[in-house]
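The letters A, B and C name the chains in turn, as written, and every chain counts its residues from 1.
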Amino acid sequence: MLRDITLGQYYPGNSVIHRLDPRVKIIGTMVYIVALFVVHTFVGFAISFVALAAVIAVSKVPVKFILRGLKPIFFIILFTFVLNMFMYSGEVLVKIGFLQITKEGLYTAFFMATRLILLIIGSSLLTLATRPMSLTDGIESLLKPFSKIGLPAHELAMMMTIALRFIPTLLEETDKIMKAQQARGADFETGNIFKRAKHLIPILIPLFISAFRIAQDMAMAMEARCYRGGDNRTRMNVMKYSKIDGVACVILALFVGAAILERILI
Amino acid sequence: MSIQARNITHIYSEGLPHESVALFDISFEIDDGEFVGIIGHTGSGKSTLLQHLNGLLKPKSGQIVVGGVDITAGKVSMIDIRRRTGLVFQYPEYQLFEESVAKDVAFGPQNLGLPPEEIESRVEEALQLVGLDYNEFKDKSPFDLSGGEKRKVAIAGVIAMKPEVLILDEPTAGLDPKAHRDILSMIENIHDHEKNITILVTHKMDDVARLADKILVMEDGRLVMNGTPEEIFSQKEALSGMGLSIPEPTELIIDCRECGMDLPADVLTIDQAEEALVAVLAK
Amino acid sequence: MKKHQTRFWIQAALIAAIYATLTILLGSIGYGPVQFRIAEALTVLPALTPAAIPGLFAGCMIANILGPYGMIDMILGGGATLLAAILSYRLRKHPALVPLPPILVNGVVIGAMLYYVYAVPMSLWACMGAVSLGQLVSCYIIGYPLLKILGHYEKIFQ
């Protein structure tokens, strides 16, 4: 089972989007999300959609992968859509028994669903076109100014890097532990929620013990190589802004402008 | 109780880019009470095969019949399979989790739905079989034990389920020579006591030469040899082509024969080697 | 960095990794606003070690980087987890109360997120209630026994 999980969302590539500085991408995504809440008509969504489609095209990530990102929340979207459709009062269009679909309900349903879809696709594009390590570097850099007020930006980033490195290891460990307990008759698949929850303890305890053993060994190994924390530490891959980042920022600014105009004028 | 495996094929990650064939058309038979050794280079598919035997994995095609029950058929209950086949993984001490040794060993029997008195007597019996004194160990925390003791507790946890087939994947991995001998004689003991089928996966040729009735040799997901220890270990070149060695006593006697000594060709154990050498040197 | 500080951050990293691993592997059972997120059982950990505070925060962020839910979940979910972790840490002397902050904080924050962002058309209170219910199962039914058992193995957290 575990061999079939592709870890993370990253889709390897060398497009312009892939090569953008991660900080630009993170801030760009945040701006895009805010814009989705600033605009308030379908015109605004159309502008966002065009922008999104352009970025997807440039990134060369196959649409198939993009749509995969929608799968897990498909039910939430459906749920939202259907309930919104029935729950608004107003001009009645269709009546089925005691349920009624109103014009307002239909509009709201489409509006909310569209925004949600644009939101999720936009966010997942960030992780599709950026390596996890690159993202943590970007986050560390963006949080650095906050270290003046005591936020341990370097330590947080290091922690995330180490965690990312260990997730495949822990996945394997968990697989082994699950199989060993299954061989002793533990059942994680059938039964009600309480029974299954109880059978998680034989997985969690050994997992913790393994994980903390690894943590101890690793701390010793790092200290043996003179690790002393983040002050004055240099790095191998230095993040640098380049021309494409400048262009991206300009385009981003234009998009924001369009969104604000939509809000004011329409 | 016997096992028949017919044309088992298993594919990992089917349909995805990193699809790979793990087992290819494997067939063999194991008879009641046999002690079977499975040897093969790392990556030959041994662990995959073991997991098929107790239902953790289902083959893409093929059939496995354990004790007359086809475990690859659709509607077989997992608990029933696990009742018959016990699998001890490598480094089994990593599966310990309970607050006391007794509780941990009881985990398996509890999952089988046995009544409390039965569970307690099985726990006691299992601990005795692995050489741990019940009264001394039952209330100790598993995490306060030594590595060798932890491993014994883990093995006891599987034996307590009284499986008709006991499978052990490299049970002596990471142990020093004394602990190794300890565990091995324990396995021999259990096999004699329970009269079950024991399947041992190992890299130690000396051990299978001494204990096994039959040896299965795997390479690249295929079963390449199937026979008695005499048959298997007389094929030194074929084995070394697969990165496998032969038992040390056998190696020694072969070297002696090459020096011209008149010794029998089918020596497998230290005792047999000693006998043969004594006979020759006495002349 | 002093010796025990490196250990602290690495422990935090491993807690983050476990949280993310469990989220990936076991995910959540259920759909829509009522979800049992198994990994949330780990929110009892701050009672055992303060390294769990940044650990859970990072774990939440990573689970969102590796998973599909996106930036809003990352920031709001992460923030809620962080706040809950700090409160749980403060309550560590009262084990029965430790699962309470993750239930309430997540209930409020995630509930509000579902209402405003995801436009789930139930009342705000219903959204919060639904999330709290899901959290209740994970945090008390899985988390509380976990806390009791791991409490026996204090030494691994030192």
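As a convention for this text, a contact is a pair of C-beta atoms (placed from the backbone, for glycine too) under 8 Å apart; a residue touches a chain by one contact, two chains touch by 3 or more.
Small disclaimer: the values here were computed from a predicted structure and weren't measured.
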A-C against B-C, pair bridged by the larger set of C-beta contacts: A-C
Farthest chain (mean CA position) relative to subunit A: B
Approximate Å spacing (C-alpha centroids) for the pair subunit A, subunit B: 45
Distance between the centres, which are taken as Cα means, of subunit C and subunit A, whole angstrom: 17
Chain centre separation (subunit B, subunit C; CA means) in Å: 41
Multi-chain contact sites of subunit B, meaning residues that touch two or more partners: 143
Multi-chain contact sites of subunit A, meaning residues that touch two or more partners: 201, 205, 209
Residues within subunit C bordering two or more other chains: 149, 153
Residues on subunit C engaged by subunit B in the complex (per definition of touch): 149, 152-153
Interface residues, subunit A side, partner subunit C - complex: 2, 5, 7-9, 29-30, 33, 68-73, 75-76, 79-80, 83-84, 87, 108, 112, 115-116, 119-120, 122-124, 126-127, 132, 135, 139, 152, 155-156, 158-164, 166-167, 170-171, 174, 193-194, 197-198, 200-201, 204-205, 207-209, 211-216, 218-219, 222-223, 227-229
Footprint of subunit A on subunit B - complex, ascending: 12-13, 16, 18, 51, 54, 56, 78-79, 82-83, 86-89, 92, 94-97, 107-108, 110-112, 143, 157-158, 161
Residues of subunit C that touch subunit A when the two form their complex: 1, 3, 5-7, 9-18, 20-22, 24-26, 29, 31-32, 36, 38, 41, 54-55, 57-59, 61-62, 65-72, 117-122, 137, 141-142, 145-146, 149-150, 153, 156-157
For the subunit B and subunit C complex, residues of the former touching the latter: 99, 141, 143
